[in-house]
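The structures come next, written out as structure tokens.
One chain, chain A, appears in both complexes that follow, with chain B as partner in the first and chain C in the second.
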Partner chain A sequence: MSETKLTAKALLNQMMTEHYQGAIAAKEKGQPVAWAASVSPQEIFEVFDIYLVYPENQGAAIGARRESQKLIEHAEGKGYSSDLCSYARVNFGYADIRHCEAENIPMPDLLICANNICTEIMKWYENLAKELKLPLIFFDCPYSLEMDQTENRVRYVADQFQDAIRQLEAFTGKPFDEEKFRKVQEISNENGRLWHSVIRLCQNKPSPLNGFDLFNYMATMVVNRGKEKGTELYKLMYDEFSAKIQSGQGPWKDREERFRVIWEGIACWPYLSDTFKTLKRYGINIVASSYFDGWGLTYEVGNLRSMAAAYDGLHLDRGIEFKVRQLVDWVRQYQCDGVIIHSNRSCKIMDFWNYEVQRQVEKITGKPVVIFDGDQTDPRAFSPAQFETRIQAFAETMEQYTTGS
Partner chain B sequence: MNKKTDAILRKLSEIAQNPKQSVLALMRRTGKKAIGCFPVYSVEELIHAAGMLPIGMWGAQTDFLHADKYLPAFACSIMKENLELAMRGAYDMLSAVTISSLCDTFKCTMANWHTVLGDKIPVVPLMFPHNRKTQNGVDYLIRELRSIQTRLTEISQKTVTDADLADSMAIYEASRQALREFVALCNDYPVTVDAKIRHLVIKASYFMDRGEYLETLNELNAELKAQPKEDADVVKVVLTGIIAEPDGLLNLLTDNRMRVVADDLAQESRQFRTPARPGLRAIEQMAYRISDQVGCPLLFEEQKSRGRMLIDLAKNNKAHGVIVVLLKFCDPEEYDYPICKAELEAAGIPHLMIEIDHNAKNFETLRTRIQSFAEILQ
Partner chain C sequence: MYLGIDIGSSSSKAVILDARGKILAGEVINLGTGSKAGAEVVERALAAAGLRRDDVRYTVVTGYGRMKYAGADKQITEITCHGKGVVSLYPKARTVIDIGGQDAKCIRLDERGRVANFVMNDKCAAGTGRFLEVMARVLDCEIHALEELAERAKTTISISSTCTVFAESEVISQLSQGASREDVAYGAHKSIARRVVAMAERIGIMDQVVMTGGVSLNRGILRALREESGKRIYVPESPQTIGALGAAILARQNGSGSF
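The block that comes next holds the complex of A and B.
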């Protein structure tokens, strides 16, 4: 860290640049590089000094810089259906072309996957393993329909951590360092807690953040969850945003926060600017999202079962009751006026319960819930004009609810 | 075709084409409760051992009045049909349904069913492991099967002993062996058994008492073997996918002189191609059948052997080509397709990929494509 105090945003940019440059440097010096699913148990891999890069993160960056379509079309040319996850299609395109202007990552020596965010990712990595002829360490995190996780399923995930440790000892030729593992777990938990404390600052009215800032900061939570430099950033974020609250600053300098909403789902990366501007035009601020929440994993350090429960406990691996309770709690805690749900054409696990969630959340909270059609990275599946129309009607509805008319 | 063969084929076809009447008649006759089994894998042996009837739920054509309120337009047509039919009361005779979590659509369908229909027809969730080749994965599944067994005995009110389960496993294993024999025999009797009849004989297994089905199928196999082999000028194809329905699709194959010489369909051979390991307890055999299954897109498999398997199926059965019957919006199948495509092409085996909607009523576009493929293969 230099002596000149950086802002959180500058530090974020610096960290992401370092992350990608570091990956390329690691590859050049022979350090093993792995492509990993976004909520993989990174703690285990940090212990073995494996450099993790995240194709989902890269896909978001490629989408945001409007470069996804050519990679998607390359994958579709090989026979991949346009119905599949667009992160996967971007990555299949990248795995062949191996270059993009937005953000390059080195080719991997190892693949790491966890299906706690969806099952599609399992198929995605299965294909990568086949095409690239690489070993794949896969963590199967069973789904929980019920509110409570069962002991058997948590034990199965913990057993897979042990299996992975043995696989990595064989892969790297190094013994597992228990002490280092504990240290990484401590850092990961500290970062998880700090991340949650930053998110909770948005409970302040007005929120010191606009939700699109968190979409950007989230990238570091994906790549730096187990690293001390992550801690530095989250502390800085906390201090900076707390200071904004003290001075009464809201999410934007030139507009007041009029409506506070939950955004459910991934951002439309190719249309980040369009969606940001549209929401801002109506004074709508995103103050919560399960997308932000998902990376703040905490558990009992030194307890593998507890860590397994955390990795197997994500909202995307749970039933409707869990999801509804989470949203209802947030509507109250974050004083929300409504909920925006992104019906993401890429993501069945996020979409196929939305209608029921919408009905239940509206009924319990009395707040409007709107669903719009889009996609995380495929620019062909989103229409800015339709989004605007839908948000306009949503703002009018929230206005009516607020004024009671 | 002799009269007995004709009578057996008629009986099985009628059952397969009238599932609801068949199941209601079976329930009346046996006095047993029925458990609906969603695709693709269930726990039939446990349901059978608990004194209940496992019934296949592979969808049926219907208009969507209710399902659209739960699943969007880009969801699997079979899952939408099952939800729709349940909400219309078509499955009111079921005491529960089993739904697995093997893909995202299953997970969400399970969640929706549990929310909207759970009080009437409860869900028994099946959390099969994807890391199924490791000892930890198999041990997990055995423990999971035990807890499913407890849940099923609560529904049936009948205790299941290991001996009961072994008896049920024996019946299921014998029926799977008979099914493997039947699909092999089909190749020698292309006149008697066309694509649709082959499918209906297999499909009938989902709506019959398994012991009775075994007996009927053994009779059929014996009758077929007693007849001279049939020689016909047919185009031999291998089918791969979830399901080769609606029936209009299979009629198109027959119209173009195509016969199915082997399949890798979830509704058909994937159910019976993997035998149980001998010498184990029945509960372990159930777990290892999931562990030993290969080439199924719903089950994680790092080596992805499906393409190789299709090549072998085509070569071993002297098939002219492979038809990939891709169920629209089925992502496990959609991920496999480019890999299989490349491997089939490298092996010089012609293939046709057709997308099907299980609820489709019009096949004119498919007719042209299948006709062209048949002409190329001749």
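The block that comes next holds the complex of A and C.
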């Protein structure tokens, strides 16, 4: 019997199942497991055979499978404020109950946190370290208001990588394997490049995939950045989507792409289906998002400073000027008709810049920017009817710009 | 004939236009989505215009209840409809402020009368008609009596809570400390105005400013909005039916193919 080639979607599902089952198996056989912030320097930990799981990734899965409210309410019952990030509340709930139907992760032996995506996450991991009485390896990547990265900043982060290596040698009792490190860096860079080349396929008009596909595929980019099996998927995605472009296929089988937009911010996981259907109803396709972009890290292999610059240079760690320039460039490169901003109750940094980013991007590009209220995993902070009114009015506004009527 | 229906959260409106765009009828019922008011207001408008249902060539429905109304050819959002309605009466209008029962919105129109941009309140009820309803209850008066109270205010009391429930407690506490109902009523108007003006400033408040929606019938709000924005604010003769008027204009454009 000939072997049937998996589709990218089937491979994605298989890989995510393997990732979570692999974590539980690793724990059972005594391999150290770490809970890690989503853009931690995984390369270093791969070298020491530490199995990384990502509570943010699990939180998104729990949200999408509509189980987050139970864990959030449990955490609030324990005394955590509803003003905290909902990923953190889901995780605090999970750390206490230690089971959910949606997706289980083993309890950690080590905690890893990098604040290049968020400053609140420091307190989240500090709290876990105290509650679970576990060591925490922390990478401080301070928020930068400057447009360019300074040498001091890069050296500061690179030095912390060195320090983490020393801590891990003590933790595992194993010496650092430079050769293996180089190999993981090579894979990570290959994956980063492939991921970017997949994202860039959305510049085609119509885009061969809808943004919600990327919200799903992103899960593997979070967990498999340094793994060879990731490479297989991203190559497959590239080939599949390129073939769709060749045959003139757009994002949906039963609807044309009418408007191309940037989605700024995290998805509303508990309302993935509602938001997907609403956008599709008006032919609005997400072709770009800084959220997709965040995990495609590339740097010079064998150069620790270059790696530090990549981890320190994330858009979430940069000021408004950087953010605006990125969105303005994408509006042009991806031929966008407008921008949707998710005012995410959980995410302080994104909420901080929303209004000003909206004002500047509108002024520079002349494209409409709409803001809606929601939350990444707390289902209580989103109204489907209010979302629909804003999106429909946004579509009507883009229509006027397109047709001139 | 062309029919525009606006089913809001607290009232339902219908406007009928003839083939040349002349208004034949405009009706309002103070009951919103979830009631039979949508169907009823259409019947009233038809009766007022001396028409039958068959005479209507095209219908556009708007408002919070637009998705649930089955008898229309097309549903369009309040944003586009209010913009359209306002421009038909005020060709120079560039800013529309509409405060409804459930939401507040500011619309910026371009020089051709198209919606250039809009902002709406977040899910919080502050800055909406619902806030006034809550205040009227606390002050133990009908909602339309609030403005009369506010007109007799001697000082401005600041109600700073953005949350409507917090504001309610704040007002109760002000009253128990001896503040007059008149001053509190005016404070409530100022609170809405501050909130709406801050929202409108995000897209810029450009002349002419036109206010639509049921809340614009309240002179206390208008006064507070004028004070907060420093702008002259125009209010159409029948502000509640502007969304329905815009819907009817769009019905005529869609139904007759004249854009």
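In this section, the second predicted complex is superposed on the first by the 401 of 405 C-alpha atoms of A that agree within 3 Å, B and C clash if a C-alpha of one lies under 4 Å from a C-alpha of the other, contacts with A are read in each partner's own complex, and residues count from 1 in each chain.
Everything below uses one rule, namely that a contact is a pair of C-beta atoms (placed from the backbone, for glycine too) under 8 Å apart; a residue touches a chain by one contact, two chains touch by 3 or more.
Keep in mind that what you see is a predicted model, and the values were worked out from it rather than measured.
Undergrad: In the superposed model on chain A, is it clash or fit for chain B and chain C?
TA: Taken together on chain A, chain C would fit alongside chain B, as the superposition shows.
Undergrad: Which holds for A:T119: it touches chain B only (first), chain C only (second), both, or neither?
TA: So A:T119 only meets chain B here.
Undergrad: Of the partners chain B and chain C, which touch A:R255 in the superposed model: first, second, both, neither?
TA: Neither partner.
Undergrad: Touching A:Q358 in the superposition: chain B (first), chain C (second), both, neither?
TA: In the superposed model, A:Q358 contacts chain C only, not chain B.
Undergrad: When the two structures are overlaid on chain A, which partner does A:P368 contact: first (chain B), second (chain C), both, or neither?
TA: The second partner, chain C, only.
Undergrad: Does chain A have more residues touched by chain B or by chain C?
TA: After superposition, B is the partner touching more of chain A.
Undergrad: Considering only the touch criterion stated at the top, classify A:A393 as touching first (chain B), second (chain C), both, or neither.
TA: second
Undergrad: Just checking: does A:S343 make contact with chain B only, chain C only, both, or neither of them? Give me first, second, both or neither.
TA: In the superposition, A:S343 touches chain B and chain C alike.
Undergrad: In the superposed arrangement, which partner chain does A:A385 touch: chain B (first), chain C (second), both, or neither?
TA: A:A385: touches chain C, not chain B.
Undergrad: Please state the minimum Cα-Cα separation between chain B and chain C in the superposed model, rounded to the nearest whole Å.
TA: For chain B and chain C in the superposition, the minimum C-alpha gap reads 6 Å.
Undergrad: Residues on chain A in contact with chain B in one complex and with chain C in the other?
TA: Touching chain B and chain C on chain A: residues 343, 355.
Undergrad: Hey, which residues of chain B end up touching chain A in the complex?
TA: 69-72, 74-75, 101-105, 107-112, 114-116, 123, 125, 127, 129-131, 134, 136-137, 139-140, 143-144, 147, 297, 300-304, 328-329, 331-332, 334-339, 341-342, 353
Undergrad: Hey, which residues of chain A end up touching chain C in the complex?
TA: 343, 355, 358-359, 362, 368, 370-371, 373, 381, 383, 385-386, 388-390, 392-393, 396-397, 400, 405
Undergrad: Given the complex with chain A, which residues does chain C contribute to the contact?
TA: The contact residues of chain C facing chain A are 64, 67, 76-80, 103, 114-120, 122-123, 202, 259.
Undergrad: In the complex of these two chains, what residues of chain A are touching chain B?
TA: 78-81, 83-85, 88, 115, 118-120, 122-124, 126-127, 129-131, 136, 138-140, 142-143, 145, 150, 152-153, 155-156, 159-160, 162-163, 319-321, 343, 345, 348-349, 351-356
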